[in-house]
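These notes are about the structure you will find just below.
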Amino acid sequence: MREARKVNLASERWVKAVIEVLFYGGAVFIALLAGGLVMAAAGVSPLEAYRLIWDGAVGDAGSVKETLVKATPLLFAGLCYTFAYRCGLFNIGAEGQIYIGAMTGTMAALYVPGLPGYAHLPLCIVAGAVGGALWAGIAGALKIFKGASEIINTIMLNYVGIYLVSYMVTGPMKDPSGTLPQSARLPESALLAKLFDSRLHYGFVLAVVLAIILYVVLNRTVWGYEIRSVGFNKQATKVMGIPVNRNLLLVMLVSGAIAGIGGFVEIAGVQNRLFQNFSPGYGYDGIAVALVGGAHPLGNIGSAILFGGLRSGANAMQRMTGTSTSLVYVIQATIIVLVVCNRYWFGGWKRQLIAWLVNRYGSRRLPEELQTAHSASEVKISFNKGEEAR
Amino acid sequence: MEPIVEIRGLVKRFGSFVANDRLNLAIRQGEIHAILGENGAGKSTLMNMLSGMLEPDEGEILFKGKPVAFASPRQAVSTGIGMVHQHFMLIPALTVAENVLLGMKRGRGPLFRFKKACAEIRELSDRFGLDIQPEARVSELSVGQQQRVEIVKTLVRGAEFIILDEPTAVLTPAEVKDLFRVLRTLKAQGKTIIFISHKLQEVQDICDRVTVLRLGKLIGTQDLAGTTPADLARMMVGRDVVAPVRKAGVASGNIRLSVKGLHASVDGARVLRELAFHIREGEILGIAGVDGNGQRELSEVLFGLRQKDSGVIELGGEELHRQHPRGMTERGVAYIPEDRHKEGLMLQMSVEENLIAKEYRKRKFSQGGWISRRKVRECAEEQIGSFGIRTSGAAVPVGRLSGGNQQKVILARELMLNPKVIVAMQPTRGMDVGAAEYVHKRLLEARERGCSILLISTELEEVMALSDRVAVLYKGELLDTMDREAADLDRIGRLMAGIRPDTSCAI
Amino acid sequence: MNEEVIVSFLASAIRLSVPLLLAALGILFMSRSGILNIGMEGMVLIGALSGVVGAYYFDSAPAGVLLAILVTGLVGLLFGFLVITTGADQVVIGTALNLFGLGLTTVFGRSLLGMGQEAVQVKGIPSVPIPLLSDIPYIGDALFNQNVLAYVSYLLVPAAAFIFYKTNWGLQVRSVGENPLAADTLGVRVHRIRYICCLIGGMLAGVAGCSLSLGILNQFTENMVAGRGFIALSAVIFGKWTPLGTMGASLLFGGADALQLRFQSFGIKIPYQFMLMFPYLLTMVALAWFSGKSKQPAATAASYKSLADRSS
């Protein structure tokens, strides 16, 4: 009996996974269609444009590497959002944390001279992490001690961070030997090594490793257990004796640190200097990455590569046709909407399909909870105001 | 007399669960009609259908002889049915007048005339003796006043048929008296009232007829003249209340938990006063009382979720100072919270993950910060087996289980701790009889092992059936503590209403 | 500083406040009905572009404003559909709306209006001095020598206050934002109210966009809103969710922006970036300050399923 149950559960899980993958594929497809419509309306041939994007993204080895280059900051940003989200926090501030992390990392790179690469680069990465962590920590602390919404505060901090970097590169950190508003070039000891003799750098490897670490932390460790508990039900978690506020703050710090590392990696791997507006909204793209990645650290890797490909492909397209890369934003926004709304539009339909498939191809019986899907717990109408007011 | 509302063959299902099973009922014009039943008997479902919050699956509702179908509360309201919910539907940030006239259309222009509104409400309030200040902000009103605002809301909308869902659950006895006065006035002016309750005495005091529901079925409707509370109780629970088998006198001499001079407050208002009690090893102390008399706060203070103002809590002879839930768990205190969904479980997490929620850091399940999936799974399978938790696997989200099985998960988790003390707050709330009996059995087994249990429940029958000693909590004070043998329903009932043993009237 | 400098500063402060105020009033309507709109940035961008496109193709600024109102009104309804009927997370949909607005306006801005140096200039909305009032020293020229949209925004503040506090509909809006379930049981059509508020919010975003593109620059440039949508959100928060407070905050933030431009041109040593940070920092301080006093509508950002739609 117990064996039969196990098989049943496993097959249900597989069916679910397949359906989810199909669904996300469908969402991406529809979003690309929407992007095509926009292009057609803007007077560009969608087929031609997508061919250019495809070639630019995966056409040859060089473009694949370029895709991974673009995927790197997106993956950091996606992980930043994902990690906070799993603890029930909305960190919309990856953008600002990327800027601050890039700034503090660059400071460590420029103002701590004379270290060998194996010491200097890690130091800079840590500095970037600390910068991002502090920036997110401000919002985290305000939430815990003052009850202020982390959503609003992280948004506000985005702009503060961007302007702060803008001030630094036009003022104190400006390259004394140049006229442009940018910092001096990072010393070799603080640069990320390149992979395969291309623009691709070790930052991508770092991001993937980080995704795996986060996955393991969330699913296998005591701390990850606490984080997920807090994310699902703060009140119950408190009753269980699990510290809620401490975890909220810690997660916010780590989430910011991830974005901060991402910011510095972008400087040390690609740009080599800090300047204004070096991020074209990676922080906001990270939300799309996280959502399409199912708020799962490993899923983020796939979605970051997808969006990285779109971006590098769109760059190629812009070079050829002059259509703005901003088209990517339209596609991203459409994907976000489709993914977020799927639960509401197709949730019931999907559940039925899964139940049917499990019934048809799994074991003979439905899992017990599916038979009594509407358990007594759902009988009462909730009289609460819904979620805690944000 | 002509029935104002008639219900024929009404059925409401939630999935496979039948909440209301073919109900037939006729309610006469101008009566106060009680709907009586235990938690989960289907009272609220029935009333939600009458007030348009839910739509019936089968059957029909007739209002003054005409069939009606409400797609929303709006339609029920315009027909003349008003509902006062147990959890008030008021907006604290707005004034009484704004709350009352919100959403009214007929005969009103686009402008909200505050003065006119106040005059109108004051007139109604005077006519029915409600004593309401229309200018006041709702957040400043007492619970009793808020309830009267709810009643005015239905009256302004011309309700002839008013449903009160457990109106006395949140009231002090003085407020209950006031409410009854208002209800009699309403009745005298021709309104029909449905009074939902599970308190027998109140039903006897105020109602004309009573309908009893049990597990979704209608047991019967009868005049209250000539019935006794005992008759009603039998109808409600379907059997004479039988105490579960329990061995007497397990309690040894040692005092496990003792509380002296305990004070606590919420937002500056005293909710616990001068509390003193003790529990011996292998003893169940039952705390009876009407909901909202400090039960929640007492359980929270004991489990470290709320800090006391003053007083001494001793566990095994050792005084406890500032406490938090984790510390209490480590000292061997288990806690069964009142609200399973909000405080007891992480619904989206699996059964096994919920089972380890209090011990995930111990060697038993983790080492060096890593959780051992194997150990967790083994433990979960064992507990699922020994508690008979109906689930298709340990990895199933606990939210997919039925209410009774969810409570079993909580019970399994708490008993796994091998606790010295269990603080059980409404451990069988909303559960069917079978599941409740199972919980009782398990609690009694724990008692036989020498565990000390503080059972806090508003179900008097439950307290009487399980406890070795019974105390009554009233307005944050323990009025009297007695052995179960010395406790009879009558005596405890008086205490629950605040009538002290040494005085004839305490209100 | 001489009179001329002060007058020109005041005039520019008002001019820069107007888009903020219009967008903030839009957010205020949505917020009061319980909808958190962090997508205002994108909405205003769409409004700004539609305004210029309309003005260019119909060769008239009013036509541009009408087109903008129409387009952003539709965008508001779309936002409403996603968060009200669908019940999707308002923060995420708001973020998507920002991306959508940025992408769409950039792509169409280029294809319809050209880019860079070749970008088309259109007829702006002319300033209309109000006789007598505009002759008042100092403030006369600043307040009453503005374009029509500015006057509209002045009038909208008392109008919004009147609607919220003196009409039945306004009472319904406030109640829906505080406790939609309670409102629903009283027959208030929660979803309809929220849709209307989204429509109003969208339309005001269109006007706000026009006041930027047609009222100040007479052309569309990529990402020209540059965070003003978020400053408008700040203004609502800093204004404690009241029309008058929102206006005060908009004026303050607009004034800071004007001051920043003056600092740059006078070579004053306060880095302009710090002036640009000011609204955001002030909002953070305000949020921390208000904490516990909860001025925010209680049901903010919580989706609500109407009782009438509840199937078993």
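In order of appearance the chains are A, B and C, and numbering begins at 1 in each one.
The rule we apply is simple: a residue touches a chain if its C-beta (ideal position, glycine included) is under 8 Å from a C-beta of that chain, and two chains touch if they have at least 3 such contacts.
Note that the structure is predicted; figures quoted are calculated from it, not measured.
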item: Chain nearest the overall Cα centroid; value: A
item: Interface with more contacting C-beta pairs, comparing A-B to B-C; value: A-B
item: Farthest chain relative to chain C (centres taken as mean CA coordinates); value: B
item: Chain centre separation in whole Å, for chain C relative to chain A (CA means); value: 29
item: Between chain A and chain B, centroid-to-centroid distance (C-alpha), Å; value: 44
item: Between chain C and chain B, distance of the C-alpha-averaged centres to the nearest whole Å; value: 47
item: Multi-chain contact sites of chain A, meaning residues that touch two or more partners; value: 374, 381, 383
item: Sites on chain C at which at least two other chains make contact; value: 179, 181, 298, 310, 312
item: Residues of chain B whose C-beta touches two or more other chains; value: 14, 53-54, 85
item: List of chain C residues in touch with chain B within their complex; value: 165-172, 174-175, 178-179, 181-189, 298, 306-308, 310, 312
item: Residues of chain B that touch chain A when the two form their complex; value: 14-17, 19, 40, 44-45, 48, 53-54, 85, 87, 303, 305, 324-329, 335, 337, 340-349, 353, 356-358, 360-361, 366, 369-371, 373, 381, 390-393, 395-396, 399-404, 406, 430, 432
item: Chain A residues touching chain B - in the complex, by the definition given at the top; value: 2, 5-6, 8-9, 220-223, 225, 228-229, 232-233, 235-243, 367-381, 383
item: Chain A residues touching chain C - in the complex, by the definition given at the top; value: 38-39, 41-44, 90, 92, 138, 142, 146-149, 151-153, 155-157, 159-160, 163-164, 166-167, 170-171, 281, 284-285, 287-288, 291, 322-324, 326-334, 336-337, 340-341, 344-345, 374, 381, 383, 385-387, 389-390
item: Chain A contact footprint on chain C (complex, rising order); value: 36, 38, 82, 86-89, 91-93, 95-100, 102-104, 106-108, 110-112, 179, 181, 222, 227, 230, 233-234, 237, 271, 273-274, 276-277, 280-281, 283-284, 287-288, 291-292, 294, 296, 298-304, 310, 312
